[in-house]
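Across the two complexes that follow, chain A remains constant while its partner is chain B and subsequently chain C.
Right, the complex of A and B next:
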């Protein structure tokens, strides 16, 4: 009796082992899809470009030759994402693997079509391999395929260039913001905030972009650069906000870490340059006669990185004046950004969410027509700016020249 | 496994029965009394040892009485025999008239420290083969055994397998008495008990059981003695034999007894209430009961400060984990969970594996097995050719295999890290267990990825928790959890804070340190009063 039990137990215990190597995939059988480029093909088909990494040509180990190109791009068509992806297997010798996909490029064409755009997002969100934290950009004045096929010089992997560049420019300039698929989906499904995405542009001679010769110059013939923010409404791209107006958006969204502010001083243009080092934005709402009014409060610390005029920086009064000027400058930028968004009738700042949190009852009434309401909402901007230091110099040499 | 053990048990039983019939083996002389006729006795010895050349018999005369002394050449010190027995015997002036020559000899001629009267053959052979000299006298049915032990013994040297930086540099030798003396010298208390025993029907090996009365748990002492007495075997050639005969569980790779060649370690175990078993002929002393965490305690943990030793102990546990799961994590990550590897690293690994002809598991297995072969070869090799192995190993595995593209450089890194981590376990018995478990986990990782590794670790944990060492749960003080015993588990408390001996292992006197032992500068008030006195 005991013996049979033991034998039975051994059988039962070997069941999980018998399924042997389920889901096993060797590293050498995988093709890492680094980036996806989605264009509109003929007959409303998706035209998808898969940017695959060629591992042997990327790392500089003993075995890696580094001879060929680091990436290879395959293209396929399909009515859906899945169909296109499966069609691609006819061309690629390995299993397409999406867990390391870092970038999705969508052409403006597709982004402007609500249907095409929304059909994409479910595929991204549903696939267990694909990460919804993947960066999403919109190809501007170029096809997604062109963006995906471009080679970059500093980074071997073009994807690294794009994702890192967005992160650094977000921190250092504040005109673009890292946006991932999750945020896009959140924005589309929610009422109180509309999504934005980065625009990306291929600048230069487009036909040179995907050639190895493009890598053999210090100034490449074609390169990628972020350009403007795409504004989405009802799940489709409606318009662009250009770089000069996009900085205010980043300020309001509290994503600005550093940037540069150029000031006029006593009639001289471009006299001072202020670089914020810390910035904190608080958005709140108050209700005036049941109507929400938005208060944006920005606290900001910075230093003087340039002083191209005779100015006495040792005088605290001057510093206070500079602080005032900085405040006005920031305020102006934020206001213009808000105005731009109001013109588009698109609440990209998430003011709706703030109203929702502050007063759910009022929100319920406004919810249905929020974007129209947003267009006329009163927005107060208050900026507190502090100049903490003036670099390793005190007074500029301009003061000595004039003496 | 259990079926196998059952079968083995049945076989063993049969064999035991057979053995039992032969148990009264002819090799062992019966408890016969010594005869009055000494010539008879002498010829009996000659006959029984088959005229072995190393058994020396020297006849002599004391007064008018005939006698003979018997000793084993090489075991007994010939100088001691010549100076302290023969010389005194020959110069002795036997008084006139009737005299009890046996008593006279015992009283006047044996200038030795330990002299015994024996009266049966068992004792004769016992003394003879432990290096003593046996003296037969005409007309006496007793014999004298004088202690003349003096064989060549290895001197005390530095420990070779358990090194320490600040600890003492002596280690046990093959001689039982030297070993007990090394311990006795460290514990100068009458409570240190040394019980002796002989095990092995043929080898008659001497065994000493050491414990401190009042600190050791009497129940466990009783259990140890009982298990030792139950042993019925022809010989015990080392403490390793003994371990396997008295451990609680055979079907495990984890050691449930501890062994050490360091007297300081054994002494500290005795002071924790453990029991030491010294076997003649082995420089390794066994201590029981042994718990899991004990195998991660190195002697230097106690010689250096608590913060440092805690850090190092945690490092050792981490190293043990690496040694167990290192290659399996590599296999699981590269064949199942590529998404868990950071992108750049995944690409780097992929580029290295691009030209490797084998799947990750086979690659890992080849490397691990090669390394194990290398290690084993290095261990068994004559010292003179040892260098050849290391050169061939480093060149062939480290470079040629990678350059030829048979294995990836990452695999070499994984194998090296695993190997080095494995060496950092202070006790070899535990390190070797990690080696075995590693291969099982590698197999599981190949089939089921991290899920398989988790399954393996779960089974291992359950198994570890089910183990007992002389009734003490192996995973004490973690499972069952015991707050008081945490003082020497993962974190080693400062010496003054390690107030108690481990529970269950020790019974009776549990207190180790007195109250208020925390050191520090004298308190302000005391200082002032002292200054005032001056």
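Right, the complex of A and C next:
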């Protein structure tokens, strides 16, 4: 009898322990924050837009998954990120849940202000719920709120559109690259590498962007597009590098996988198009009289995707010539990017880091004034391009037209 | 003293899990940044040398635990006093490790759960385990060893395939020379985790094959040391030096980085399991040493009865040991190493060895 009682007691006592839900969060009580848009208000507070997913309206596959919009945006403000996030609870009927936040949009206004920019980063890094692999982009010529409220047609969730787009454009074009919060913080703290971030622009009629009608057209009235790279120095945005000069940066950072290169051939413009498919960049440094010189070595291989002129592509000598032209073209682009960064006196390539790793003693001397030193540093670029094949045609039809 | 016997393999497993326990969780040697791995390897070598002190003592008294031969070497009362201090030390360290894991869980996934509740659950399991005796602990170790190793190898592979490793982060090697590395070696890595082998002086008498003691212990230390070094290298190469320095639990941050094919990601919770298992054994072993030691000194016939009260002491001191995380870490880095680890792990055993050496010499020569 006594034993039965004891066993019963143990059972009862383990009930509260085994249920294991100290602060359980039911799915219906959570609001998944997909994206955050951070603006600066006139009151110098952070104005934050929370893009929440509207679960019922996203479920894909089933026809008529929902009538409403896939996202809802709520706004709140505060002196700090935490305050703003807590203020938002006054508007949202559910608990804001950040574990699935994939995008943080920061307006140019905020990014240009060192204080505002630096003050918001720690909140992201410290919160255990928030993932620091979250993508960070800067809103260009529009507020972060406008970026976050824009509806997109192909992907139901605008966040998916942005994060996937960055991934694919990095792989296919190489003018932008995926940048997460950790990288930004690393760049701000680490010596010898300044961070960059993608710019995002809302193109078209801004007032239409957040309306459901925007989704009912094949050419939307307003859409989002990546545009340029934001350059940070001392923790604040200082300038933009436009798309035409940003490809060289991605190349030096060894993030370029594929892109397209247009070449002139025997006086004809836009005659050839080369598509590298693999690329590898090695940055090293040598010391001339104790001064660092940077060597950038790029190796890539690709194929000819267009030949709009009479050209004998079956001749190995021609291919060698094309390779040379490609090399020069890439070299020119990389050099112009380096020059642009040197003009801004901002070492976004991490050359300082490479000098640091190669020779800590020299680095200790240069560290304090590195960005100025960087502005005049000698950078040698060497490119090896290989054109391996030319698609499923041998010579172009142009060779026969002119006969 | 409990009549338990464990096989060489079981002891080996316990040593590996004990050494890895909380060392793998914390950013070991973070003060020397990218050279942390070097400090750990130094620590391993130093730790093995220190272990030979314990081993010689064990050779003199292969049947007795530390608290018993203390009385033989130093006389009954002084020996008991120092033995008692050792028990307090074991209880204190057990409660620190318990706190470590409580902090890990409360600051990462169980944000709103009180520390006390988490620690209670952990200590209750361990009390139950120790109530069943040392042999059970050893057998549980055997089972979990496989699980721990499987997760570790899986994690390693996932990290490699995520393409996260940047070996360049380990450069420049010895940026500030050897001096800071030596400093960290003496202050941190020698005493934590390798010097903690001192707790096995309480457990070695359980080993069924005396000849294997050396190879088992040194082998276990080397395996654990290599694992810790690899983990540190992976942490630094994935996170970079700065983030390694700023993370309280770097391994968890590293695991959080894994992203394969857009669906194998956010695995932190899975690996929390791995970390908690390691901590479980570390707490259990310290705690067991304290229980066995008190039974020995106070001549308890049934040491199982001691498991519960000492468990409660461990639990409460794990809460009261520090009022916040910063204080807890500071205490660990400054007070524990200087005033606890060095005396208890190195200085006292060295003196014991010297005295034991002369006593046994006398014994050997006198009958002849």
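The rule is short, and it goes like this: the second predicted complex is superposed on the first by the 378 of 403 C-alpha atoms of A that agree within 3 Å, B and C clash if a C-alpha of one lies under 4 Å from a C-alpha of the other, contacts with A are read in each partner's own complex, and residues count from 1 in each chain.
Everything below uses one rule, namely that contacts are C-beta pairs under 8 Å (C-beta built on N, C-alpha and C of every residue); 3 or more make two chains touch, one makes a residue touch a chain.
Here the structure is a predicted model, which is why all the values come from computation and not from measurement.
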First, second, both or neither for A:68, with chain B first and chain C second: neither
Partner chain in contact with A:358 - chain B first, chain C second, else both or neither: second
Chain B versus chain C as contact partner of A:368, first or second or both or neither: neither
Partner chain in contact with A:391 - chain B first, chain C second, else both or neither: neither
Superposition-derived comparison: chain B or chain C, residues of chain A touched: B
Touching partner for A:186 - first (chain B), second (chain C), both, neither: second
Set of chain A residues, in rising order, touched by both chain B and chain C: 17, 22-23, 99, 129, 131
Interfacial residue positions of chain C with respect to chain A in the complex: 107-113, 117, 121, 168, 171-172, 175, 240, 242-243, 256-257, 259, 266
Complex contacts: residues of chain A adjacent to chain C: 17, 22-23, 99, 128-129, 131-133, 182, 185-186, 189-190, 356-360
In the complex, chain A residues that touch chain B: 3, 6-7, 16-17, 19-28, 30, 32, 34, 53, 55-59, 61-64, 97, 99-100, 102, 129, 131, 157, 160
Complex contact set, residues of chain B against chain A: 2-3, 334-336, 338-339, 343-344, 346-356, 359-360, 402-403, 405, 408-409, 446-449, 455
